[in-house]
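Take this structure first; my questions come after.
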């Protein structure tokens, strides 16, 4: 080997290390960590996250933030057919057809709407994932039975399925949540199963098998964790659809009849009758729904890209 | 190809059977059960008992199920308590309206969505592209019925440009042949009737088509962006083909594959959305009837309609599968 | 040399100081090809050799004008039959591509449109560049498929890419590229995605076609076996620059750049005595330093000295005359009192 000045040698290595350095952020980081890193630098994801966080804070501190009680009726003397008082002193957004403060109802409504979204999605997620894991982990006849069942639920268009469940369970907030959850179950089940099957066939799973790793360890230690990212993405997106779906059910008269719990969907549905009198009664809750749904959607879409190795550079 | 179709048809059987079980069980699980469903909510206990005996509802469940299945196969779902007529009759009368509406909504969504998505992708990163992305996100976030109300309020009530309710002006004395109002007008050469029915379709179709539109724009855009970077597009360019040929044969053709699947998946969304849209526009289709059935607890209509719509949905998806096989040779072979 | 038009004897392709820079918003621009020059004469086969990422594929895409326009800047000169292609209009490039200059790609499956029958993919070239109607074109397509050794060509016309084997697909791609008897064919790793036995067949096919038609062939590969079997001249690339050029036999007999030497030493050989260890090159292409700071190969080079660095020598290592027909970019090349034992064996494979 040729003699090389030690100092120079080191200098070359230094330069090489700099030139060949892997851009900061990747390499050696777990997929989740690097996904979060990328999300933090993504303005769209941040907008989505900020929207979601703001609404969560509003929901959590509703009693502190709301200027009035959401069910007390005010200004009743001023309400007559064809006239609903607009914004004025003490009522920044005016009152609804029953004289209740619109702003306070919107603030309190965030609690109920977000709760319906979260509970129904979590419910759908838990049941759907259980079915998906069963099908994906065991395969064979378990897979066939589970997937046939899922296909049957899927054969009824979403809202019709929700209507069916909701009619069966009667009108209350739990029925609403369950109805929406049922629609989500097949989505999660199929997604998880599909992604698990793909992972099971992948080289690393086959390699683990060849190394003699136990099947249960492969499925639950490797395949399942690696299959979760599409499910997480879908769950985020589902939060948006669940809230919209709840509004639709309310609109069809299948909402929560308890007036003590204002909810955007019900407010929107109720306001349709007064659209030509005061369209803002409908526009405000609709805006809340749209913005929250948008927040979850932005977050979900960006999460999808962040978790997808295809988009990684 | 034929084997592919037959195979898919056979796969439908267990799904349909399961579907029937589900809805059979559903009616039985309702408070009051099928007797109340048939007789209405104000039925006396005696009447219910009498009905149960008459229709063998005291027999074992599987016997009842088989009987239900037998009737369902002949499309007999009993009588509507609202209309006092067979459910199937009401369905057949209403369904053409919904088909017309969903068809126009889909034409709107595809006709606008695919070009929009394509151009957004070709001008990737431009203002137009960003606008289409934002628009498509908004389109999915808006509750359908709210959009329907807004459109109605603006274009029908305030501006008066388009009719805002019904399927046709009641003053038009149109001849009915198929119950597809536009088609009827064309068949009978009652042009004014056809045109009026068409005008009535515009707003509901736009409202109903917005979500599919948003989704189609997004999928088309993503798909074109993918395909443009495919090796075979580079090959096509390396062959010196005219840009138009590359675009048509190599980009659009392949980019539309995922779009076509999406279009099939939209059917369920459309049928769901139709319930809401028809309600807003008092558009006399299946959806409006379903809403009324919910309001008046007309369980026979609910059961029959949901079953029939589910069957329609499943069949449409089958058609989509088959057409996908026609489009993509790789699927056909399997 | 076959008669190939009025310019016979003159190079078909002249590449001069070609440079390609990719720039992406918010990131430092990357110079993938950095001042590459070479000529190809009619009937000649040259090899562009190097590890993945050395810029050889980008060079070929730049020659064909197939690089995306946005975020890519191409400078220097590419002359085809004396005609300047850098900065040429899209319509002119389209007229040349497929007709006068053609390309065969690495992965035949992804390079073929999955939804269009093979026949259409062959005939569309003919219909585009030659005065033919559909019937004539599909008759010609059968002839072409037959010529590249696809059995039962009439039936194959209606088949789709996924119905063909890997070797057949590559043959179909070659048929497409040869449809209009181009004067220049660029083959970008045409055998990498294929089985070893198929590789030999495809190479044999390319060689025959080139000999028959006098087409100039640019072979882009990382596989020295391919070079040994096919190429007249070889240009070795590293980190976007040509670091050694030589006639094939010369290169295999006396590699001068330590990188070339390393490449040859890391190929297993049948004639080496058993137990002779393979000598891989240290590190990977990722360890390159920018040419502005020194020889890009220095970090991996056993011969590296102080003056391999620009800050010591004061200039970027130049590509210089290194004997008849040879050029070299190295300050401390390998020296040969005589040829190392067996070094000619690979070169003599042809």
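All chains are identified by letter, namely A, B and C, in their written order; residue positions are counted from 1 within each chain.
In this text, a contact is a pair of C-beta atoms (placed from the backbone, for glycine too) under 8 Å apart; a residue touches a chain by one contact, two chains touch by 3 or more.
In UniProt terms, the chains line up like this: A, B = Peptide/nickel transport system permease protein; C = Peptide/nickel transport system ATP-binding protein.
Note that the structure is a prediction, hence the values are computed from the model and not measured.
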| item | value |
| --- | --- |
| Chain ID, smallest distance between chain and overall C-alpha centroids | A |
| Most remote chain, CA-based centroid, reference being subunit C | B |
| Averaged-CA centre spacing for the pair subunit C and subunit A, given as whole angstrom | 50 |
| Centre distance in Å when subunit B and subunit C are each reduced to the mean of their C-alpha atoms | 54 |
| Computed distance of Cα centres, subunit B from subunit A, in Å | 25 |
| Residues on subunit B engaged by subunit C in the complex (per definition of touch) | 230-232, 234-243, 245, 249-250, 253-254, 257, 327-330, 333 |
| Subunit B contact footprint on subunit C (complex, rising order) | 64, 66, 90, 93-99, 102-103, 105, 107, 110-116, 120, 124-125, 128-129, 160, 162-163, 173, 176-177 |
| Sites on subunit A touched by subunit B in the complex | 148-149, 151-152, 155-160, 163-164, 167-168, 170, 240, 244, 247-248, 251-254, 265, 268-269, 272, 275-276, 279, 282, 286, 289-291, 293-294, 297-298, 301 |
| Contacting residues of subunit B [partner subunit A, same complex] | 14-16, 18-19, 22-23, 26, 29-31, 137-138, 140-146, 149, 153, 157, 267-269, 271-273, 275-276, 279-280, 290-291, 294-295, 299, 302, 306, 309-310, 313-314 |
